[in-house]
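What follows is a structure written as structure tokens; I'll ask about it next.
A, B, C and D label the chains in the order they appear, each numbered from 1.
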Amino acid sequence: MKIRVRIKTVNLRNIEFLIEEAFTGIVRNGLMAFASISTIALSLAVLGAFVLAMMGANHFTTEQIDRFEIAVFTVPGAAKAKADALADSIRKIEGIKDVSILDRDEEYAKFKRERPDFESAGLLGNPLPYALRVRIVKADQLTMLSTKIRALADVDHVNVGQETYKRVVALANAIRAISFAGVIILLITTAFIISNAIRLTLYARRREIRIMQLVGATNHTIRTPLVIEGIVFGSAGALVAWILLRLGGGYVVHSAQRITPMFGSFSSGLSGAGLAFWLLLAGAVIGAIGSLVSIRRFLKD
Amino acid sequence: MKIRVRIKTVNLRNIEFLIEEAFTGIVRNGLMAFASISTIALSLAVLGAFVLAMMGANHFTTEQIDRFEIAVFTVPGAAKAKADALADSIRKIEGIKDVSILDRDEEYAKFKRERPDFESAGLLGNPLPYALRVRIVKADQLTMLSTKIRALADVDHVNVGQETYKRVVALANAIRAISFAGVIILLITTAFIISNAIRLTLYARRREIRIMQLVGATNHTIRTPLVIEGIVFGSAGALVAWILLRLGGGYVVHSAQRITPMFGSFSSGLSGAGLAFWLLLAGAVIGAIGSLVSIRRFLKD
Amino acid sequence: MFRDFGFIKPHNIVHPEIPKHQHLSPSRFASVGVLGYNCPREKSVMIYVKDVSVEYANGVRALKDTSVTISKGEFVFVVGSTGSGKSTLLKLLYRDMLPTAGTVIVDGENVTAMKPSAVPFLRRKLGVVYQDFKLLPQKNVWENLAFALRVIGTKPKEVHKRIGEVLELVGLTHRCDSFPNQLSGGEQQRAAIARALINNPTVLIADEPTGNLDPTTSWDIVQLLEQINIRGTTVLCATHDSQIVDGMKKRVIQLEAGEVIRDENKGAYQNSES
Amino acid sequence: MFRDFGFIKPHNIVHPEIPKHQHLSPSRFASVGVLGYNCPREKSVMIYVKDVSVEYANGVRALKDTSVTISKGEFVFVVGSTGSGKSTLLKLLYRDMLPTAGTVIVDGENVTAMKPSAVPFLRRKLGVVYQDFKLLPQKNVWENLAFALRVIGTKPKEVHKRIGEVLELVGLTHRCDSFPNQLSGGEQQRAAIARALINNPTVLIADEPTGNLDPTTSWDIVQLLEQINIRGTTVLCATHDSQIVDGMKKRVIQLEAGEVIRDENKGAYQNSES
């Protein structure tokens, strides 16, 4: 008997019929279509906004970590040539992104601006040594690389800002953990709310499903149009969610940047097409599974 | 005719009947009760979590702003007595929380630790003047108070960290704006999703509503039990949301603190009872309005 | 001569929403005799349907300029082949729908010009047995009856007494805690009849009340309707059951394609001339 | 003598879920004669209901050890007062429910021991007119019929032809694009009859198919059922219409309180002895 059902599944005429059924179903149940699609759209928009914000935050903190620099100071009184030689030998170490030598006079001017309280009367000229700014490729090699640099000739000491670094990494980890948990929870919530909405639409049609069974429809014949309907609702909702996110997201980023221009590089790193793809996938999958799971209780004989 | 309906409303026996109707309705429609309550619970939990997180962030940034200090430096070479006198006169200004005189030697030691690159060979003793740390009551009086302090005798200059202060205030404003917009959007979304769920439950019972009308029930008689039902569903959902938030929120704060101990004072500043109150209010109001609005289309004659 | 229409309140007769020429004036009442049925002078009019047309949204004309007058306390059968407009005529009386044209007056209230908020109060005076029963699916028989009573504000104690009586009358006492989907077709129909009777309606409207009953039970139910009629309730019953119509010898109104083609006192199911 | 039961496949006869003593053995078939109706030797059995009891969840015993055997090509009326178990008996045949005890075999398939996945294929062999019509509310008449055909895989072209024919037969061609709630009671009933006929069923099961029809239409429909019966379909019709039963002179099975109290060939609605 099972095999007969299978053969029906690949019957092209039958598929056509099932798709037709799905679409008349959607058209005839306007309120349900509206309620399902809008619920799916809003749930997915909230989920999507959260994911985008979290990707943005992750991106932002990762960028902060990547920007982390090692400050290398030459021994007191070392000449420019020595600083240049040191920069060259640091560049040769694997894992170094780039090295730049800071301008001593500029640094001193900046220092005086920052610490006007400093009693500089007794000083002869610029008291600062040469400083090199080293950027590295991978944030987690920070300690290892700073040890290597410290061992080089003419290095007085190395400042890796260990404390600040630890804080930023901890913050990044916290954001990552919270966002991961948040996305999982929101995903479950969204799936649940959507399948609830689908369940209610099916509940309103339970008599119809019963009649179809009595007319001799197999569970497969009843289920397929409803699953197609779920997928269509899910995808339509995803599309609306995408539009909402594009409009709303643009506005939020815009106003955030107006208030705080320092958030320059706050971006999720996800393209519009990528976002659309993931939303559609989520909508279609949740719609299909939601329908599939909800129908089961109404197909019980 | 209107008056007759009004009189019915205050009829005690009638109210009893309507409440009875509401509860049999809930009991007989198990699936709907489950679907509505769980949808409301999850939506409110997401809304609540967002509000709590945003209150926490606001609280956190406000605290940062409140902690903001003005550094006041005495003229070079000023004696301890002068610093004491200055501290006293600052304390007299309205809007000052407290003033403390920093230990010059300690400050110098700290400075040397922080800037080991600094060429201190040519210096005679401690180059730092006396520094006073001034905490103020209201962050927005910062500029005004710093101007007043600057005008006092023996003040060399005043450091208000204008740049950092502006950044923190901007950040706080951004968080406030985003969270306000987010709460409004989420509130609308939640209300919409919940009233959609209610609309679907009513749709499944449209025949029932029609029959009640034919038996001679006034719209009021049909509406009241359904609105009570909406309030009960909303409140039940709020209760579940509260439980979820207490359990989940505790866990999140706990793990956040484990990862980043610096988030010590991250708290929403809302008591458990306060949270419960607001959730219940939101649930009941959304449930009532959701029912009220949704019923209208089914009561159309 | 006008004395008999005293119960028709003036605000029902002259209502701003009815075009002037449709206003219920005494002269129009006087003309009901032309319908072939002469309204006895000593009786007052309970149902007055005048020049009513119904056209459904899909273009079907279910009633065509139909007029019917029924006096207080009459017992009338409405017969006609399927789709002839019987149910449509009855639906107009309990304002399930409004006619495309024409006036409907029930117990002195102008149904066609009624404010929506007044409709429930009209329906409370009527007892209706629907062709498809229309029992509340989530309530058992007892609760279905209780709802109909409590809606009109009956005291709980009274409710109990009344339900017991009515269930006895239709012979459904033993099934009072069953839900509609747990009842046989005939039992559902009797529950629907019980609900229509329960609030001592002024007019009882029954649409095919014996379609799912065996001849014996059908006859019992019709006898019951007659009892109720004798106690003063106007009864209007659409039916296909020729044995019952022939056996009762009551007034018969026959519809065909939306028009009254026969209106006989003590008539039979079939036209006596054919 | 056993030759005739060759179409009953062995796996249907001996199924692990039926208690041993209920297995369909030829000797049990031979004993059907005691029911007062003698199964003609030359005909094969189409419906075999043996010692069936039905007790609903609320304790109502709708059928009590009932046995009925109907041969291929018979026309049988099932009569009985309301609530006597007619619809319940029919429900067992299309497996809307399972009996508490007993065996039901339809067209050689053991309905009581059937896997759920086989049920749709049983139902496709049957045409059923439900007492409450059970038309799909979101589909118009045409689509209701089309659904019943397409479910069993009929080609679209064939679907059009067949629907046209059947609508003609029941006289509903002009209302084919109406939705069920836009039809009068009798029109809905005819749509339900059309759907039952449309896939040339092996067995036609009709539960009160004329309850909402006027006598003339009723008679036409029953004539139609007879035509279908003559072409080989087994017809089982539960009804309260005494005129039709008396006029047709077919086999009559009378139920009372869940028991067969009469089974007569060429019977009348009322017991001929009483």
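The working rule: contacts are C-beta pairs under 8 Å (C-beta built on N, C-alpha and C of every residue); 3 or more make two chains touch, one makes a residue touch a chain.
Because the structure is a prediction, the values reported are computed rather than measured.
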### Summary
A correct list of chains touching both chain B and chain C reads none
### Query
Relative to chain B, which chain has the most distant C-alpha mean position?
D
### Summary
Rounded to the nearest Å, the gap separating the Cα centres of chain A and chain B is 25
### Task
For chain A and chain D, let me know how many angstrom lie between their CA-based centres, rounded off.
62
### Query
With chain centres defined as C-alpha means, what is the inter-centre distance between chain B and chain D in Å?
67
### Task
Indicate the residues of chain A shared as contacts by at least two other chains.
none
### Task
Quick one: label the inter-chain contact graph as line, ring, star, complete or other.
ring
### Summary
Every touching pair of chains is listed here as A-B, A-D, B-C, C-D
### Query
For the complex, which residues does chain D have touching chain A?
94, 96, 115-121, 123-124, 128, 130, 134-139, 143, 147-148, 150-153, 155-156, 195
### Query
For the complex, which residues does chain A have touching chain D?
1-2, 4-5, 8, 11, 13-14, 17, 21, 24-25, 28-29, 205, 207-208, 210-219, 221, 301
### Message
Quick check on the complex: what are the chain C residues that touch chain D?
### Response
56, 58, 60, 79-83, 86-87, 131-132, 177-178, 182, 184-187, 189-190, 207-208, 211-218, 240, 242-243, 269
### Query
Inside the complex, what are the residues of chain B that reach chain A?
31-32, 35, 38-39, 42-43, 45-46, 71, 73, 76, 115-124, 127-129, 131, 156-157, 159, 167, 170-171, 173-174, 177-178, 181, 185-186, 189, 192-193, 196-197, 199-201, 203-204, 248, 252, 255-256, 259-260, 262-263
